[in-house]
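Letters A, B, C and D name the chains as they come in the text, with residue numbers starting at 1 for each one.
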Amino acid sequence: MDKTILVDELLPIFKDGLTIMIGGFMGVGTSAKLVAALMESNVKDITLIVSDTATPEKGVGPLIVNSRVRKLIVSHIGTNPETGKQMIAGDIEVELVPQGTLAERIRSGGSGLGGILTPTGVGTSVAEGKEIIRVDGRDYLLETPLRADVALLKAKKADKSGNLVYNRSARNFNPIMALAADLVIAEVDEIVEIGEIDPEDVVTTGILVDKILV
Amino acid sequence: MVESSNNVKGIIAKRVAREMNDGDVINLGIGIPTLVPNYLPKDVNVILQSENGFIGLGPLSEVDPDLVNAGGQPTGINPGGAFFDSLFSFQLIRGGHVDVTVLGGLEVDACGNLANWVIPGKMVAGMGGAMDLVTGAKKVIVAMEHCSKKGSSKILEECRLPLTGKGVVDLIVTELAVFSVTDEGLVLEEIQEGVNLETVLDKTEAKFKIR
Amino acid sequence: MVESSNNVKGIIAKRVAREMNDGDVINLGIGIPTLVPNYLPKDVNVILQSENGFIGLGPLSEVDPDLVNAGGQPTGINPGGAFFDSLFSFQLIRGGHVDVTVLGGLEVDACGNLANWVIPGKMVAGMGGAMDLVTGAKKVIVAMEHCSKKGSSKILEECRLPLTGKGVVDLIVTELAVFSVTDEGLVLEEIQEGVNLETVLDKTEAKFKIR
Amino acid sequence: MDKTILVDELLPIFKDGLTIMIGGFMGVGTSAKLVAALMESNVKDITLIVSDTATPEKGVGPLIVNSRVRKLIVSHIGTNPETGKQMIAGDIEVELVPQGTLAERIRSGGSGLGGILTPTGVGTSVAEGKEIIRVDGRDYLLETPLRADVALLKAKKADKSGNLVYNRSARNFNPIMALAADLVIAEVDEIVEIGEIDPEDVVTTGILVDKILV
């Protein structure tokens, strides 16, 4: 089963209105090729789930600048002024989520959980509209799962079965997004034969990865 | 002016550095907090956690675009460090495995509330990892200039901006003074060198006790 | 007698094997389920998940006391496999990343309920990973002998033993027949070779429709 | 800061009534030396949190056989008949927890969460006395955190700062228990200098590990 794919084969996958998770932190660990393919596909009205919107030029920044995103679920937008501008103009709906909570919600979505109880955000505007549950004398927010139609990952290396290894701080949100989308596509710098990645070193198991773009 | 601002930042960072113990696991916000390591005594070795996914943040050696700090800047990793994903990173942060976090602030108040992520209608940066850090770290230090650029006190009786965390701050360090947050409100722990009590009283909106 | 019992187990495992598709991720319980791979067609390659922490369970090659299957027995790992911790293993299981799980059963009923972890006052094995597996796997197959050692039907109108999972079973495979669990109750999908309908009716307490 | 410790230094740490987590699955990935030290310390009334009670001779089995455990939080006891015997006799209190839920509860305890919502156990005796929370039309059990006074781990290799690497299926519960106890002690087969374990390979960061027994 060969999971490798060419950019041209990706284009029909991308459709208007999809919910897409994209790995990365300030653009580090974001697949530039997959973001470029999304741009090329001309899709719009994306719901984007991402750590941050990086800068106008980097990471998912171009998707924001070119108005491809209708809704954003994100922890930080301060480094891309275009995001704030579109948000204030009402052109993009932004749900700000604490970064640790964002990670937990994605993991919940990918792990069959109905959510988690976190103390983060209690007593802040993040708590608005959320259920507060008291456990052992402390208040927690019930934070619910996030899933996506497609996850776009960036890894250092894959074997042909899709096992992934990441590079340094480019790992960030990629491994948990691999759990939480119906279709998981990874750009990798290098692809090797099955057996060349030690089972101890695999970070994302190939059963989670559907397509590999080299 | 720049000179003077740097001076102020140095004074704050230097005082924060004295709060660190050998072996502490520390997470530093961007801005003044990142200057803290420059002022650590030689016998105090701390371990820096970077919320984007590693332990052992160190000086830049070789530039790898995939190795950045939580501000997105190129950085290094010390021997003994470890990489992990964002989920694990925040497990460490929220789970009390970080001893101290040092963050900047827009406003802090007498109840230990902190506001530093949004000015409604103006700046919407987003909270990033700050809400998790102030909730989970064992000790939360706010390192900031005492007054806003317009000269108004950032230490208030009650925060007016949306909160980052409720009742989370342990210590406030500015270029004028050091306050601890206690059950009975703010306590003035120290006045910085060359500053007098009148100045601190004048520049601080919140009431405070004097130790 | 042993011969005959082995025969029965083989018949069940062989029929279960026909449910597998090439590329499926499978988790096999102890007992009859572990025999299933012996009966897979050559063009059907499945990936075996072991809930104690790896993907790619394979034939034993070198003995490493640290490499065991979910029954604690020495095993091997195929090229392309991956090790992980128990947390991640159950993220895969509960998160729907396992296509099929095959488990033994003490009782199954017409609502797809399964009981296989405790006989009150007698055997208390514990559920291990079974409750997570039946809840999370996309397809749950119960592979078991049709009747208990005392000869009573294990396919009931309603389970009497404490449940492992409620409404979780998709398919029941015994040495006599194959039933699917539908919204309208059990449906007899097949009768095993050499068995007649009367025997199935006689040995099955639960009502069922015939396809 | 040298974290290495000798068995004799361990004995005063062990006290009656402690809550102890011990890694391992059917004894694989359980520290035989640390279990032996517990035996030698003569402590009793332990609350033990463990995947299973292995066999009478293996893993934590001897602690059961020698009546050191008052309460057991565990997913499987079927392979150690002594556990069931003591349970029926009322000598040991047993809380049976589905294995995936056990992992989640330990992680919650080590990650500052108030618990998680799992579908596992809904409609079974596991749900008794637990809060049921409906999210998006599906019922989930609220499962609360577990923590311990001491966690006893087994790893393949440590560096002197406590970074751990495991061997094959001996990893199992060890990495999550490292998060969830006040004192974390690891037995390792080999100890190396700081810097000898690649930061990409570290599974348990040294900041979680207090003591290392070689």
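A few remarks follow.
Here is the rule we go by: contacts are C-beta pairs under 8 Å (C-beta built on N, C-alpha and C of every residue); 3 or more make two chains touch, one makes a residue touch a chain.
Note that the coordinates shown come from a computational prediction; the quantities given were computed from them, not determined experimentally.
Think of each touching pair as a link: the shortest run of links from chain A to chain C has 1 of them.
For the interfaces B-D and A-B, the C-beta contact count is higher for A-B. One simple way to say how far apart two chains are is to compare their mean CA positions; for chain B and chain D this gives 35 Å.
Chain A and chain B have CA centres that are 28 Å apart.
We define each chain's centre as the mean of its Cα atoms; on that basis chain A and chain D are separated by 32 Å.
Inter-chain spacing, taken between the CA centroids of chain B and chain C, is 55 Å. Residue positions of chain C with contacts to 2 or more other chains are 54, 77, 83-84, 90, 93-94, 135-136. Each of residues 104, 107, 112-113, 118-119, 166, 168, 199-200 in chain A touches at least two other chains. Contact residues on chain D toward chain A in their complex (touch as defined above): 104, 108, 112-119, 131, 133, 135-136, 138, 140, 142, 144-145, 165-166, 168, 199-201. The part of chain A that touches chain B in the complex is made up of residues 25-29, 51-52, 54, 74-79, 84, 87-88, 94, 96, 98-104, 106-107, 118-126, 156, 166-176, 203.
Those residues of chain B that touch chain D in the shared complex are 22-23, 25, 47, 49, 54-56, 77, 79-84, 90-97, 135-136. Those residues of chain D that touch chain B in the complex are listed here as 1, 107, 110-113, 159, 161, 163, 179, 194-195, 199-200, 202, 205-208. Put simply, chain C touches chain D in their complex at residues 50-54, 64-68, 71-72, 77, 83-87, 89-90, 93-94, 113, 121, 123-132, 135-136, 162-167.
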